[in-house]
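Here chain A shows up in two complexes: once beside chain B, once beside chain C.
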Partner chain A sequence: MATPKPNAAPLTLAELIAQATGTSVLHCYQCGRCAAGCPQNQPGAMEISPTRVMRLLQLEAAFVDDPARADGFARRALQSPTPWLCLGCQACTTRCPQGVDIAGAMDVLRGQALQRGLAAKDRRSGDIRTFHQQFLAKALRRGRIEELPLILRYKLARGHWRQDAALGPAMLRRGKLKLKNSHSADTRQVLKAIDDLRRSPRGGP
Partner chain B sequence: MTVLGYYPGCSLSGAAREYDLSLRAVAARLETELREVPDWVCCGATSAHAIDHNAAFCLAADTLLKAHRAGLQHVLAPCAMCFSRLAAATRELRNNSSLARQVALGLGDEAPRLAQVQAINLLTWLEGFPAGVLEKHVVRPLKGLKVACYYGCLLLRPPRVTGAVQVEAPRKMEAIVARLGAQGVRWSMATECCGAGFSLTDKTVVLRQGRRIYGAARAAGADLMVLACPMCHSNLDMRQSEFAAGEAPLPVLYLTQLIGLAWGLSSEELGVRGHFVPVEPELSAALARG
Partner chain C sequence: MSRIGVFICHCGENIGKTVDCPAVAAAARRMPGVAYAADYRYTCSEPGQAQIRTAIKQYGLTGIIVGACSPRMHERTFRKVATAAGLNPYLCEIANLREQCSWVHTDRSAATAKAIAIVRSAVARVQCNTPLLPIHVPLTRRALVIGGGIAGIQAALDIADGGVEVILLERASSLGGHMAQLSETFPTLDCSQCILTPRMVEAASHPKIRLETYSELERVDGYVGNFQVTIRRKARYVDWSKCTGCGTCWQKCPQKKIAAEFEEGLGRRTAISIPSPQAVPNKPVIDRANCLKFKTGKCGICQKLCPTQAVNFEQKDELFTEAVGTIVVATGFQTLGKEYFELYAGGDHPDVITGLQFERLASASGPTGGGIRRPSDGQEPRTVVFVQCAGSREPATGRAYCSKICCMYTAKHAMLYRHKVHGGRAFVLCMDVRTPGKGYDEFYRRAVEQDGVNYIRSRAARIYPENGQLVVEAADTLNGGERLELRADLVVLASAAIPQSDVRTLAQKLGIGYDADGWLSEAHPKLRPVETNTAGIFLAGAVQGPKDIPDTVGQASAAAAKVLGLLSNQDLQRDPIVARVRRMPPPEYSTCLGCFACAAACPYQAIEKEEIKDRHGEWIKTIARVNAGLCQGCGTCVSVCRSKSIDLDGFTDDQMCSALEALEV
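Let's look at the complex of A and B:
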């Protein structure tokens, strides 16, 4: 296993993506097929298209000898709302003629944006980010998700109380929501495995 | 009685309880014992892998370990999301990446052993029954019924995880409804994402995608829609009165519910009455039109 050398240059986003997905964004030739099939790439819905995100990642890698410029491209990608607006539907990854795991790259960008404190600050991205964080925290804590506590916790954090207020009672009547947590599973082993990874030489996520 | 591992996932004990009910009813007729993975853990869904690859992998790997220890090699994961997460973890374990080795070690086992556990989705399970098996239970043939088979995202994509061969114009679900006497229509939105992951966080997306999918199914002349994902169902059934207000209702059924109805199982057994868009009136009318 490779141990990071002291003072080694930090990995580029393209390298982190290659580690996580086994595919390289450097292979992207900007055909735009990912953007064409993206359900979120509609007028007013996405900030920059996934094709442009791929370009920014290539530019960071290309300017590796000019750290200030490289960092500018990386920040532009990390601060964009685009990764947060991605639905994870895998259409881009499936269709990319160059085999780039674009949806997998979006996963890495979200994780890195959070770690570096650069995640997009707009309301919509913030809503989505909070939901993901609360969902994951709950899955790790209780081992199971139940809809109602998850919904209430999210609304406590983000507001939007009036949205879908009428759906709650309708779902309760149909047995689709339960008032109390009734399920859980043992997650100690999961937490230990995650903790082991964090301490490992390979480093955090 | 065949024994099959069962990973219901969180939705099937909550908002998608009718999927669990109807699946169990269908499995009983097919002489399959669904043996739940002991103490299974949430797959992490979209949220885990969206922000933390390691946590997502550890969650899914833990369930695979629990299945392995219970002697379950094949695990039916009816929820498309759960299936996708478990299948992705198995793939990573088979590639035996350094991450997979470390996580397996952290969980107290070895990657190649955990990789023996394979999640299967509803379509793969059903198509495994030879000709005649699904057909012989049919007491209410669905002759003349036009069905929009909706796959959504994760049953098929990405193919290196799901093993799907036909990703853009799949016909697997159509083949299954044909065995009940119904006809799968050709339509344009069968594999488009419905956006349900944003149901809470960005409703405009959900309504926009729901509207597009509903419109395409209607335009193709579908009497109803079948699917195999709790997220898609909650969106396309529960929100239909919003994105198609005042328009003709399009019942949305789990594939297992449609099978059960063709087999003469009761609405109660199949949980059909818990839907927002009523099923039985539309189904009877469509069958009468033949």
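Let's look at the complex of A and C:
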């Protein structure tokens, strides 16, 4: 007979999500409303729907006594492009009848995928992940985002210079891209706020 | 000269769309004997009924025809209307223009012609009708309740509290039925015995309830209000009038290894035994098949030790007859045994158990004292797989129905297991989870969300033993149907609820119907859920279909209300549609030849012999006579009578022949 899980065992993704969002993916009853309303879940565009991601997380928790099997389910959730395709629009979270913070769960999955080196390797996910990382790195270092350097750095990393290039002049004209650097009035205070958030019990970025 | 009124109903569009109702009324107006004819959109509505009442009075009608829906639907309604206007109700006849005409035809002119023919036939028939008066039948103010489970107990208590004497019949030695075996009950998790035993004691001590346990129904004669029931009191080999229930006999009985039925085979009992310590009455019976005295002639320890000399090996079955006015059938259900499931570890693995067996494991009074232990080695199972829909919802194997109670009791089982076994894993294989009922879905979600029960949407394909465990082959249909093998220490089958194996015999004794699955049939699935098609016999509980405790208790109380309603009458009024042997003046008296072919044909034993004697008491002839109390008006006797001596009131030869002749154009 299987032995009970020792106390020192690593937390399941469901448990990490519960810590970060205060809601449990184990409450999901697979109604499919998140998948039905997800703007990114277009036919053929998303391998694993948000509902299915919830199911994989439940299966990891259900088979916690069988680490190899549990890990298999966790990996499939972490390696899937779904967390990267998530726009964070919160439609799923807003509508979930069981009150599960699905968008919040996706954020935890992105963090865990990066930490464990399991993030999806396809080109589309790679683009999003690079942007995501550069955006966060900049924000956490400077307390503020500057669009032009961010875009330049992103294009340098991913190489597709011509993609979206036509939008550049229009964005410049409308002041969406500024040529001059802008700084926060008090960068130190913003960084402190971010740091405080990180130390808070719910966790931060 | 008859003055007939004809009322043609449009039934909204139902008749009016296909049949030209005004034309039918106009044609009726020209038929011989018709004094008045009209059509109306809804004749059954209050204005429609008022039209009939007014016409009867205004035109002095001697009979009416309502051309409308089936007589099953509204014959009673329109006969009441006739009565209200002072016309004998049996002078009102229905011409079925809906089921027999508009609903089955599309050609408007042909349908209209047919409707006119139907009306013409009815007009000819009603002119031969005679006023009939209801038959009054005496009533026995006493009820029989068959089955001493929660349904029977509830029905008996409600009837008895209404002041009517009840005989409560139970074939086991104790009251309680399946509910006595249950551990906790959903959705409140209150202990089953704690809520049931007080009711059992109440039933046993109620001054209006006579308990007949360890007894079965032998035969039923008679009819509503006047049943004669013969009861077989099985030999107990213990004189219960002397027995004090001290327990010496069952403590000393040397035959201790008999699989206990009450424990679903998980516990043991002696040859002289009571089913459980909470038994009511708390008196033992000897199981003849397992008793050493009966098998070998030696032993008799119980007889020697009994302080009141209650043990009597000579006791025989007793038959006795009781008169009752109504009968409530509450004989319950059983569940499929695990041997039925060959794919599930061959159907004989000790660690594959049924839901009812799990109840005994979880019960504080059960063989493990409430500890969850697997039967093979007594170990506490670390992983339990619960398999729902085991044998239910499977048309391929003959049961298409949902057993209704399993979703809830499986959620309860998984929850109890999680409460009792710290760190244990519970998996439920389900097709879907059906939890309609107050507090039911919340209960199921609690099992998932608070008690960590893992639900997997799949049926189990196969279960086989491997290395001391059981491998359950499943798939997760919510994860693309991916195959999922579960390793379990114990498997619990939510096996289908099925009718009692002898329920058909019982139904035949009572003359009531059952469906293809063997559940007893109610008179109407929605509007008459506790009546049967036989007057005076009612249903309560799972004998009518799988039911949980609240539904069972509700239906039992409903059956009791029907019993009390029926028995609150002074006597019974019956439809006078009964057969009658034609009589004529002396010297013939009757054309009946006394062949009694009618008596052989009558399904209700309603034909009696009547001796005709002259004024000196000299026998002249023996002829048939119909007992109007027993006759159900089926007309079988009429069709077998060789001398045409029997007629059926309301359907006389005159009426039928006139109706048929009028159809010929």
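FYI, the second predicted complex is superposed on the first by the 172 of 205 C-alpha atoms of A that agree within 3 Å, B and C clash if a C-alpha of one lies under 4 Å from a C-alpha of the other, contacts with A are read in each partner's own complex, and residues count from 1 in each chain.
The rule is simple: contacts are C-beta pairs under 8 Å (C-beta built on N, C-alpha and C of every residue); 3 or more make two chains touch, one makes a residue touch a chain.
Source: prediction; values computed, not measured.
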Once the structures are superposed on A, label A:Gln30 by its partner contacts, choosing first (chain B), second (chain C), both or neither.
second
What's your read, chain B or chain C touching more residues of chain A?
B
Kindly classify A:Ala45 by the partners it touches after superposition: chain B alone (first), chain C alone (second), both, or neither?
first
Which partner does A:Gln58 contact after superposing on A: first (chain B), second (chain C), both, neither?
second
After lining up the shared chain so the two structures overlap, which partner does A:Ala166 touch, if you call chain B first and chain C second: first, second, both or neither?
neither
Should A:Leu179 be classified as contacting the first partner (chain B), the second (chain C), both, or neither?
neither
Looking at the overlay, does A:Ala68 come into contact with chain B only (first), chain C only (second), both, or neither?
neither
Shared contact residues on chain A for chain B and chain C?
1
Contact residues on chain B for chain A in the complex?
10, 13-17, 39-42, 44-55, 58-59, 61-62, 65, 95, 97-99, 102-103, 105-108, 153-154, 156-159, 167, 191-193, 195, 197-198, 200-203, 205, 208-209, 234, 238, 274-276
What part of chain C is in contact with chain A in the complex they form?
379, 381-383, 422-423, 425, 427, 445, 448-449, 452, 454, 456-457, 469, 476, 478-480, 487, 489
Quick one: which bits of chain A touch chain C in the complex? Just the residue numbers, please.
1-2, 4-5, 24, 26-27, 29-30, 52, 55-56, 58-59, 61-62, 65
Interface residues, chain A side, partner chain B - complex
1, 20, 22, 39-40, 42, 45, 85, 87-91, 93-94, 101, 103, 106-108, 110-111, 114, 124, 127-129, 131-133, 135-136, 139-140, 143-147, 151, 154, 163-164, 167, 170-171, 174-178, 183, 185-187, 189-190, 192-194, 196-198, 200, 202, 204-205
